[in-house]
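All chains are identified by letter, namely A, B, C, D and E, in their written order; residue positions are counted from 1 within each chain.
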Amino acid sequence: MFPFCFEWAWDMAHAIFFGGLWYAVGILGAGMTYVVIKSAYDTMNDSGDSHHH
Amino acid sequence: MDSALIPEGVKRTSFPKFFLGMAVVGAVVLWGLIAVVLIWWKGLNQTNMNDYYGFALWIWADLAVIAVGGGAFFTGLLKYIFKVDELKNIINFAVIIGVICYSSALFILAIDVGQPLRSWFIFWHANVHSMLTEVAFCLSCYFAVLVIEFIPNVLENRQLNKVSFFHHLAHNMHGVMAVFAATGAFLSFFHQGSLGGVAGVMYGRPFAFREGLLIWPWTFFLFTWSAAAFGPCFTLLVTKITEAVTGKKLVSDKTVHLLAKISGWMITTYIIAKIIDTIYWATVTVPASGFTFSHFFSNNAFYGYWILFAEIVLCGVVPGLLLIYKPTRENSNLRLLAIILGVIGVCLNRWVMVLQVMAVPVMSFDTWALYIPSWQEVATTILPVAYGIMFIALAYRYLPVFPQEKELNYPAQPVVEGE
Amino acid sequence: MKQENKKEHKFGMVIDLDKCTGCGSCMVSCMAENNVPFKEDESNKKDSITWMRVYKLTNGKDFPETEVVYMPRPCQHCSGKGGHGHSPCVSVCPATATDYGKDTGIVSQIYTRCFGCRYCMGACPYHARYFNWWDPKWPEGMENYLSPNVSPRMRGVVEKCSFCYHRYQLAREKAYLEEREEIEEMEYQTACTTACPAGAIVFGDLNNPEHEVTKIVKPDDHPDPRNPDVVGKSRNPKVFRLLERLGTNTKVYYLSEREWVRKAGDNYTEGEWETIKNHHGKTQISHG
Amino acid sequence: MSAIENKSENRSTENAGEGVSEDTRDDKGLGLGVIFFLVAFVVCFLSGTFLFPKLLYSKKEQPFNFDHALHTSEAGDCEACHYYREDGTYSGNPKLASCLDCHSEEPLGETEDEAIFVEEYVVKGKEIPWLVYSRQPDCVFFSHAAHTIKAKMDCVECHGHIGESTVSRPYEENRLTGYSRDIWGKNIFGIKKNSWDRMKMDDCAECHKERTGHQGYCFQCHK
Amino acid sequence: MKVDRRSFLGLGIGAVAGIAVSPVGIKLTDDSSILTQTTKLWPWALDHPPLDGAIVYENSVCSLCPGGCGISVRKIDDRPVKIEGLADYPINDGGACLHGMSGLQYLYDPARIKKPMIKKGDSFEEISWEDAISLVAGKLSDVRKSGSPEKLACITDKEHGSVSGLLQHLLKAFGSPNFYTMPNLESYLETVAQQIHGNGKTLSFDLENSDFVLSFGAGIIEGWGSPVACFKANATRKQRHAKLYQVEARLSNTAANANKWIPAVPGTEADLALAMCAVILNENLFNSAATANMYAGFSKFVSVVQTEYAPAKIAKITGIKEDDIIQIAREFATAKMPVAVFGKGKGDGAQSLKEMAAVHALNCLVGNVNKKGGVFVQDKAQYLEFPAVKMDGIASKGAAKARTGQYIGQMLDAVNASAEPVVEALIVYNANPCYSLHDTRRVKQAMSKIPFVVSISSFLDETAMEADIILPCHTFLERFEDVPSSGGFSKTVVGLTKPVVNPIFDTKNAGDCIIEIGKALDQAVAANFEWENYEDCLQAVTSSIWDSLSEEGYAVVSDTIPSGSPGVDVSFLAQNPATVQAQGDFNLTLIPVDNIRLLSGAIAASAFAIKTVSDTVLTKKETVVEINPLTVKGLKDKDLATLTTPMGSANVRVHLNEGIRPGVIGMVEGLGHTFDNKYVSNKGVNVNDLIGQVLEPGTGLDAAFGIKAKISRA
């Protein structure tokens, strides 16, 4: 799973598999981080103003 | 009692009645959990699996719930990437069904392994050449995507949404949902496919083995395709059931017809591919290793030719045609028939690709192996169904799942608070 | 590099089915050697762990033309399509709990790594892999006979024949001490081989032309022209492998004078056997 | 803040069963929250790092103290006691019989340890239950011959300088797994400075890869 | 300061974050997986994995069966971990059978007797060795004092060997002629040799060299004779291109491995053999030099055979075609080194003297006696030199009395028949008559009628359960013993069993038990037991070969072809004795089937051996019987059926199998044990419960080859 794992090898198979995997995980992580930070920012900026949709 | 939590402008059944219903389903869940405890405590000897049937009911259930849960990824793909806006009316529910299916699948895997405390080895010590590794990674990542897709819906709960942060979070998540949906579609493609690959790569098992493209056997693509094709059938079926139980119309006919039409075309194209695959397999792959087609079907009633007919014609070609032909598609009875057949069809396909694979003898002197699951297996397989019912009931009661519910059921009526 | 290759072994076995009496010595020797547990009811052979299993084959003819042959079946230690080490079970293991030792040709199984998904069992057409459905339990005191050279297994993991790899390890330790590079043929023999009272099992290095097993099998290292996945086909017309046509490339060979026995080793469509039966590895050995 | 304010306002109009804290008008709450966060973080991190290992490992004393340095000076090198058997297997810790090659019921020294040795073991003919710091799990096959004879490695590379020690440090046993702490590593983060600081599979693989070009196949080290 | 929700939130998140950044998570995850790798989690909780140590090999001899194979016991320090065949041992040369290799399971067998036990009511209580020996001695003294010392009887597995010798020594000194052995191949060989070649002779077969083996049901690879030696002979047979023809109603492993399977109707083997004799005589294929040696009843034999056993007539009885009979007889007679072998199955079941003699007549006719690849007629191996027994008056009187019966079956019948106890005390060693003899109810009844039964046994088996006192003895891994090789092997080899492990329980060598009993009896008897202990005795009585025994681990007593051609007396056959018929009048015949993976004698199969048994022999707790699909219409494979014989009925599973003669039901021997070992007992039925004893007229041998039976769906 990680380069320091016993099974890890710097070969094509690992590059493709984990390349794809970490890419996907990265997008999800980055996306969520962005959304959470933005929401926190938005929350700070609209204090007192609460409406639903 | 819980009226404050119920979405605005809709009616829900009384709490005691709801509670009673939940208790009944809860009892089934409890039964399943007892079986789970037994299996974890005493081991897999609580099942009727054996060395011939290393993969049995659970793996079928796993593959089946993932296949029918494919509606989530496919609907998401259509809604967020291909911008089929009409589907916004059903996307929430598709995601909820997806979450149920995928959490069930992960749960089944957790009881299915012999050493649950070590199951993280599949990630940590991953063998990237194994289809199962691909399944495990993509499955868990895609489950994360589903949860992400579900969170905004949860946050739209009347009380939660009052929290400003949650309100913004839901809003912002909607904003970038296309990115998540795209990632989900990518992951889903691979894990649906690799589940097909699980069987297809077993070149020691001529019933399952398929040639393919690069490292992926044809079953890889067929599984993805069939999940996309039949998944929406299941979404529609569960919608129909929910409508029947609640006595309300929850999704407009227009949306239903659209999804049914898409599903119909997907099924039809899939089944053509499946028929080609079967013919190629029967005439080229199988004889090359010395088998005849009849070897795999003729021995016993359990796996007779009927199962092939049922899977491909009855539950494949028929629903496909019913759903692409407008008059039959828009006839609610025939449509219901088609989606039921479709769901059975994809489940049968998964059944065959797991259990028949194990049953067919390969060595010339070996014998057919049949198996009957133990009650523990049955209980744990029913558990996700009961859990799914509870999940849907809770979601339906407390979350604004169906955007059309108000307009379809309470036209021009003043909004009444829950009783 | 060439030096490296020279040291590669390919341990294999040939079992003379005409000599085999079906006595079961190999099974018990294996169980005793490898700490295989036993339970109260072992009559359900589908959940009974016997790394070495003796199958009984019949020619399917009516009385009194009936004939029977016994076929001992250890793990076949497949070298996979084209002999590259992608045996059916190894490539599917998600947690790398089994691998193909390119230095020995032996398929390993690491119990402490295995988490019991059983994919390998599904992938193996020989049913050579067994799952520990139960906790291994020995009657009081009997655990005293367990050998330290083979780990006892816990429930929930898969196990299988290892070609008594620990015996290879012990032989090598001795060779190290005596500062020898190589071990002798007889220094490493599996427990089933040494136990067989009929001498039906011959074990050795298929890469070593001096070894008896190689002399009997005469493996053809060139791909079978009819099926490029198949390598190591025997040039001996009496020798066959189980399910050879699938391209698993097993390293356990079988020997029989009887044609029906040889035919039972694989599947053939109608009439196919007649055209295939005399086809053996015939490619010339190329020197270079 | 607004969220909470909204909440409490709503609370007054609806009797929702949501657990909202009694006091919500404390604007310094966040600051306090941060302090609590930091304190909890530091406490938990430190206890996870320093207290946790103490709880996880039990310390066991050896049957009696063994002075390696003294013995090597008296008996010669390591091989005097830790030798190869004729079949190439490694003897590991010597049996009582080996000790009796030099020792007898007459104490050789005046230490308390010598007294324990004689009274408890020599006289009673009992094997000494040494706790082996470097004992690998049962699933491991380790060939001493392959390492010290074939690969000509030095004992110290794996065992450290135990041969020069004069006291037997306590044996630390993992309460969960029963394994010696020396396997997972002294350092709870698994950081190692010397080749002998940690003996996990990755450490074997690292050395194998370095010296043989291949980290090895499973059966090379597993049984 | 007010502690509010945010504080708690901060606290919680901080704690979680702190723990997350610390090594706790990764360490516990890792340790939990390692926990599942260690034995700690297993319910049977080995404190430690199997201990490592120095690998040592110790050689000994297996005495589980009469085979007498050399074994090499691998030990880790003092702990035996594996038994293997001993290379270069004259009998088995490295090979071993599955029972020998399971030997360590007997050492720790749950059914082992850990201390001497005495029966109190229906259960046993532990007593001390001193009490046990003095109690036995007291009871035996009473028998002797009563003036009828012959009322002490003894049952053991074999006649040969020093422990059996000690028992005979004890009986003689005591004054009883009633020494019995269980049916065994060795005694059958002697009976046949005695009948045909005269007293003191025995037979053996040179299977290793013969080029044509005609076996009348002898399970050459089913455990007949010295099993591993036979396996080896069979394996080399293939290389020598020697033939094996197997006469047997069922396609046994031997039949399957043979060049020809001759599925004669069970019980007609004697007829078939005599018909072949007729062919050989008719066609002048006999060896005239050999027939010249036939001094008694030869001409009568010739006329009986030619008139009564004409192949055409016998073909109808045996179900073997006339042409085949003639053809096989010709092949046999014209082979270079033919040998005809008798002793159905493992050779230790019921046998008919007529059948054995008829088969041996074939050997005598073709003149392969005392020739390479033939049959050897030699003197019984006498390597034991027991001191002459000093008998007092009581002893002389008792010993001179007639035996209670010729064979064990008759003795038990006599016990059952008489209202008065004809046997007052019985010592059973290394025999399980309550399990192994036909009609076990009859045996148990006799046991219960005998006032005092002493069992010298390692296991609480069916017979030990019937005993009044049990003296637990060492297993073969804990004791010294001389093991003469079995009959049927062309060489006579005596092996020395040596203790390879200290006794696990409070047991003694059976020899020591007997010596101690002897010493504890009155002076007249005790005077005959002056050895210090069994080891001392063993050394003394084997002094002629002791050097070789103790140094090599074995001694070859004879390994050459006996010289001369012994006289042949065929008068027994010339009287045309009646062929034994199966008891009952059902349509089918139930025959016992010997399976190499099971044991039916004194020792039960081990857990390992049971594990190897096919599911077409044992399914769950049911014996599976073999039936030809033509035998009973309507029975399907795996059906549950009721099998009924005149002796009773049992529920069995059916295995439809083309490899058995129609009309015959094959049921395996060695199942249906009832003692306390869940891995071995309460599985299937004991075939001996269903088969009754049939005494052969004139010989008194139990010759029940089977029994009439019916079977129907349960």
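Keep this in mind: contacts are C-beta pairs under 8 Å (C-beta built on N, C-alpha and C of every residue); 3 or more make two chains touch, one makes a residue touch a chain.
All of these numbers come straight from a predicted model, not from anything done at the bench.
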TODO: Check A-D against B-E and say which one is joined by more contacting C-beta pairs.
DONE: A-D
TODO: Averaging each chain's C-alpha atoms to get its centre, pick out the one most distant from subunit B.
DONE: E
Task: Most distant chain from subunit A, judged by the mean position of its C-alpha atoms - done: E
TODO: Taking the mean of all protein CA atoms as the centre, name the chain whose own CA mean is closest to it.
DONE: C
TODO: Find the geometric centre of each of subunit B and subunit E from their Cα atoms only, then give the gap between the two centres in Å, rounded to an integer.
DONE: 62
Task: Whole-Å gap separating subunit A and subunit E, where each centre is the average of the chain's CA atoms - done: 73
Open item on the list: Counting only Cα atoms for the centres, state how far subunit B is from subunit C in Å.
Closed with: 40
Task: Residue numbers of subunit D (touch at least two other chains) - done: 2-3, 6, 87, 89, 137-139
Task: In subunit B, residues with contacts to at least two other chains - done: 115, 118, 121, 125-127, 129, 133, 162, 164-165
Open item on the list: Going by the contact rule already set, what residues in subunit C reach two or more other chains?
Closed with: 44, 96-97, 111-113, 135, 151-152, 154-156, 170
TODO: Note which residues of subunit B are touching subunit E in the complex, please.
DONE: 115, 117-118, 120-121
- [ ] Within their complex, state which residues of subunit C touch subunit B.
- [x] 44, 46-47, 55, 57, 71, 81, 86, 88, 91-97, 113-119, 121-127, 129-135, 154-158, 227, 242-243, 245-248, 263-270, 272
- [ ] Using the touch definition up top, name the residues of subunit A that touch subunit B in the complex.
- [x] 1, 5-7, 13-14, 17-18, 20-21, 24-25, 27-28, 31-32, 34-36, 38-40, 42-43, 46-47, 50, 52
Task: Interfacial residue positions of subunit B with respect to subunit C in the complex - done: 43-45, 49-55, 112-116, 118-119, 121-122, 125-127, 129-133, 136, 198, 201-206, 287-292, 295, 357-358, 362-366, 369
TODO: Over in the complex, which subunit C residues touch subunit E? Could you list them?
DONE: 16, 18-19, 21-25, 27-29, 31-33, 35, 38-45, 48, 50, 54, 56, 58, 61-64, 66-70, 111-112, 135-148, 151-152, 154-156, 170, 191, 194-200
